[in-house]
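In the part that follows, the structures are each spelled out as structure tokens.
You will see two complexes here that share chain A, one where it goes with chain B and one where it goes with chain C.
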Partner chain A sequence: MNFYSNLNIGQKRVLWAWGFLAVPIIFYTVVRFYPTANAILLSFQEWNLLGDRTWAGLENYATLASDPVFWKVFKNTFLYLILGTPISLIVAFTVAYHLDKVRFMHGTIRALYFLPFMTSAVAMAWVWRWFYQPVPIGLFNNFLATFGIPQIAFLNSTTNALPAILAPAVWAGLGFQIIIFMAGLRAIPATYYEAARIDGVSRWTVLFEITIPLLKPTIVFLVVFSSIGFLRIFDQVFNMTTNNPGGPLNSTKPLVLMIYDTAFNGYDMGYAAAQTVVLFTILLLVSLLQLYLLRDR
Partner chain B sequence: MTNLFKGAAGVSMAALLGTTPASAVEIEYWQYFFEARVTAMEQLIENFEDANPDITVKMNHFPYADYRTKVAAAIPAGEGPDVVQLFYGWLNDYVDAELIQPLPDDLFPAAQIEEEFFPMVSAMKQDGRYWALPTAVRSLALFYNERLFDDAGIENPPQTLEELVATAEKLTKKDGAGNLTQVGLTTGMTAQDHHWWREVLLRQFGGTPYSDDNRTVTYNDEAGQEALQWYVDLEQTHGVTESTFMDEPQAAFKAGRAGMHIDGSFRIGALNDTRGLKWGVAELPAGPNGDRYNYASYWVNAITSKAEGEKYDAAVKFMAYITSDEAMQIWLETVGELPAKPSAALTDENTGDAVYGPFIKGLEYANTTVFVNESAQRQAMTDMVSRIELQGQSVAESLAQAAEEEQKILDEYYSE
Partner chain C sequence: MSVAENIEIKASSDALLRGPSNAKKPRNIAQLIRWIILFAGGLLMVMPIAYMLATSFKFPFEVYNLNLIPEEPTIENYTYVLGDGRFYHWFWNSLLIATLTTVSNVFFDSLVGYTLCKFRFRGRYIVFIAILSTLMIPTEMLVIPWYLMSQQFGWLDTHWGIMFPGLMTAFGVFLMKQFFETVPDDFIEAARIDGLNEFQIWWTVALPLVRPALAALAIFVFLGNWTAFIWPLIVTNSQEMYTLPVGLTTFSVEQQVEWELIMTGAAISTLPTLIVFLIFQRFIIQGVVMAGLKG
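Then we have the complex of A and B:
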């Protein structure tokens, strides 16, 4: 107490500031930095959850590099990213752009778009899984069969399965992106549009010269945010392919599912940690690259 | 009843005198949580404590997902169970990590175990000693839908593979465009078919899945090709099934959209709860030469390395009780899993039972796969069929590739 009362106001402020900061710092150290460091350490070891952790050096990484499944999974993960991010952003922007102009039942329509975002990914995945089933239970195929159109193998196909799983993932994230886009659209000062109207420029010019450039901070945020989401895709894939996780023939398996499988079915914790480190590095690089490309000059 | 009375009397005497038996010892038993298993074990513990008033058994159970981690963390710390339940496929890992100790030779002599138990428990033997024993086992059988059988005018379930195909053909229904609306037989390597193919069909066509030491894949030969061809023909030639029909084989059967379905004894409970489904059970069909095979799997109990001194003695007594005929019968009635000893399983009442009978008969000719990574090994089977169905790979090539992939899994495990 004596020590505290001897401090001047400036020092007391510093003490209090660090006192409050200590809580998140300790929290982050314990639940973020320590496990991350531990995972990196584990990626150089072998451990089956039961015995001791033994040193393996670079063996896990060597196995990874020569594992054809890993490269397939690597490709899938990027497919989710390069299909998912642009498609979801373009669709979300188109919807937001037009919804912004709609006055009739605006709130209700916006809520309808937001609804899937609030739904549990697991429940949603199972409903879509049922939609995709072949005759006699699948909604889509039953519909096709009614009109005499041949069935489409959605999930039981090496080419259709990945897009089929991506579709509900894009759909589910749409609500969030629309809300953010609309907030961004509303933030653009009306004076620019008024000036454009006086100049009599076309709607396309307004869109490409005013709206999109001024939406840049919103776009940067959404690109980074949704890229991370697609790189970490798991719930949809796992729940729609539980019988043959990531299948058929690994055609839908993303990195996170491979990590899960290696760790909790194969009990090969070191190898799973090595895969995690690779994923961590990719996420970091992709985020940094996007921030660099889309930075304000 | 007398035991119960004695136990109750003992407890009240102890309470009156304010003492506990001089050599009171408490041991812990761990298993993963599955309601019927916990109920059965509570019953067994009660009976055991009545017969051994100086021993108390405390049961702990955990969700399946945490089970392995908890065991691994607790035993080395001296905190965990004295008797532990584990999946038979984990035995090697538990032995290597020194989590369990071998059963004492004097009370559990290998020769006696081999005489008393079904032969598949030999998978629990390492270096001439037994490390663990099951209370109950599971085997496969053919479930069939009685209503669909009646509608199609079929009187008896098929006895051979040939009859299986013929029966399945009668039970298959298609719509005008040729889409299946009802399958004769469910299939799917992702369900129980990988066991059926590996331990039953393959052997019926004259092959073997693995070498005697379980370290080499031996199915990449002519017998393997014939067995695989026969299996994929069900869908491709006979058109009596579709591997993704109604998402999961058991779902199709439960919904009454499948005439026949191969599954394990653990499915009995779920099917009993399905209203409006009239089903029967038959032994798996015999092969081209009349041979019958089956696959059995089980959970085992073992004494952990933590149990020492008095606790070890108590743990041994407990092991002896939970592997007794009486315990097995209680387990069958409560959980629906089959006794691990012929003396308990092959009673007239059990073999004559319309539901349990076919499973129990299957135990006599059942084999157990010594898995090193069950899900990865199943995946090799699933992919083997997928390559043929989705990519048009030839049976011989796909089989060779599967054998190679599975051999890699075995090599990685055994090289450590």
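Then we have the complex of A and C:
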């Protein structure tokens, strides 16, 4: 206590600050930084959880590069991304743009679009899985049957399964994106629109010359946010194809599911770690791209 | 982000809640069509949730019916699923873990955010950048080392094991730091002159001023932990330790043909968040706006 009372006010404050940070610094070191280093280290090693960790050099990465399943998975992961992000953003923007102009029951309609965001991906994966079942069971095929349209194999087809799994992922994220878009739209000063009205500019010109350019930060944020989400897709895939995780012939398997399988079904920890490093690199590039695109802000 | 921008975000989120700014009254046909399409789209959005709920009240023979209103509503599915006993465990585990991680996050994230915002000391910037950089590390990369760590320390298949990775988040620190910038330094100086110690200043003066941000953070953390799947799936072995999403997965696999039971299980894991949303709608949407515009 004597030591403390001998300090001046500034030194006392510094002591308080480090006191406040002590537990969090330990937490971030032990639970974030050390595991990151460990994962990178493990990616250069061979280990089956039981024996010793042995040095393998670049062997895991070499195996990865020559593994046809990995390339299939890589392609799937990017398919989720390049289908999911534009579709969800365009739909979300369209809804937000029009919802912004609607007054009657505005809150209710907004709540309807937002509700799916509050659900759990696992629970909803099972709901959608039920919808996709063949005729006596599945809702979609039952519905088609009432119009005499032949059944569609949703989850058992190598071509349909991936979009069928993507749909609930897009659906669940729309509410969030709509809210963010609407907040972005509201943040645009009304004076811009008034000026455009006085100049007699058409509605499309206003949209493309004022609204969308001024929404750039919002759009960049949502593109990155949803890209990261689609690159990390797992819950939906795992639960919609539990009897055969990854779908027919790995047609729906994303990178995270491959990581899970390699580590916790195959116990090939080093190989799984190498896959996580690949995922990490991709996500890092996406984040850096965001920083680059927003650099003038 | 500056104070001015914070205020701007606050203003835009308030405007969002007040309703449309430059809306015309729905007098013309185009406006009516727009409303009808939007409303129909909204109904389509809640369709899966509506079918889940409807089916959970249906007898097996009615499940494949396209009707949303059960002809003979029954709560038999609920008594069966809840009578299973395991759902109580899963519900309790989810509730406990989501609540404790929320408390921990709200406490530590705001403490760190406050310290990094209101104290001047050497190393402050490095700590901030270090914490922020963890945002770029995906959970998937950490699950293998976390698993090894849990194995070594005997945390596998325990509540603590499920919880420990999520006790603090960099996102929360960032969010809170931004909001503490709106708290004037004068308030803190005045409290110092009044003889409060630094912890008391944070707890009694600064925290109450950022209550909306705390609520937003709490909602996000709770929802995130309530629906978390991959880590609880990995770290738990015994059915008693499963959380709702993990339990639902195994339960559904067992009930492959009985969709009314699977839908009941899904409803049990979704209903609490839906009810919370309906009660705190305004708050949650505001939280999404704040968190989203800050991310």
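In the analysis below, the second predicted complex is superposed on the first by the 291 of 297 C-alpha atoms of A that agree within 3 Å, B and C clash if a C-alpha of one lies under 4 Å from a C-alpha of the other, contacts with A are read in each partner's own complex, and residues count from 1 in each chain.
Note that contacts are C-beta pairs under 8 Å (C-beta built on N, C-alpha and C of every residue); 3 or more make two chains touch, one makes a residue touch a chain.
As the structure is a computational prediction, the values presented were derived from the model and not from experiment.
In the superposition on chain A, contact is made by A:182 with chain C only, not with chain B. Look at A:104: by the touch rule set out above, it reaches chain C but stays clear of chain B.
Between chain B and chain C, C touches the greater number of residues of chain A. In the superposition on chain A, A:48 makes contact with chain B only, while chain C stays out of contact range. Legend: residue contacts after superposition of the two complexes on their common chain; A:7 is shown touching neither chain B nor chain C. Look at A:22: by the touch rule set out above, it reaches neither chain B nor chain C. In the superposition on chain A, contact of A:155 is made with chain B only, not with chain C.
Once chain A of one complex is fitted onto chain A of the other, the partner contacts of A:266 are limited to chain B, with no touch recorded for chain C. In the superposition on chain A, A:145 makes contact with chain B only, not with chain C.
In the superposed pair of complexes, A:137 makes contact with chain B and with chain C alike.
Shared contact residues of chain A with chain B and chain C: 130, 136-137, 243, 264. The residues of chain A lying in touch with chain C in their complex are 13-14, 16-18, 20-21, 23-25, 27-28, 31-36, 38-39, 42, 95, 98-124, 126-128, 130-131, 136-137, 139, 142-143, 146, 168, 171, 174-176, 179-180, 182-184, 186-187, 190, 193, 218, 221, 225, 232, 234-235, 238-239, 242-243, 256, 259-260, 263-264, 269, 272-273, 276-277, 279-280, 283-284, 287. If you check the complex, the residues on chain A that touch chain B are 46, 48-51, 129-130, 133-137, 145, 148, 150-151, 155-158, 243-244, 247-250, 261, 264-267.
Against chain A, the residues of chain C that register as touching in their complex are 8-9, 12-13, 15-16, 19-26, 31, 34-35, 37-39, 41-43, 45-46, 48-49, 51-52, 55, 63-64, 66, 108, 111-112, 114-115, 119-121, 124, 127, 130-131, 134-149, 164-165, 167-168, 170, 173, 197-199, 202, 223, 226-227, 229-230, 234, 244-246, 248-249, 252-253, 259, 262-263, 265-267, 269-270, 273-274, 276-278, 281, 284-285, 288-289, 292-293, 295. Contact residues on chain B toward chain A in their complex (touch as defined above): 65, 68-69, 71-72, 93-94, 96-99, 175, 177, 179-181, 188, 190-191, 242-248, 257, 373-376, 379, 382-383, 386-387, 390-391, 416.
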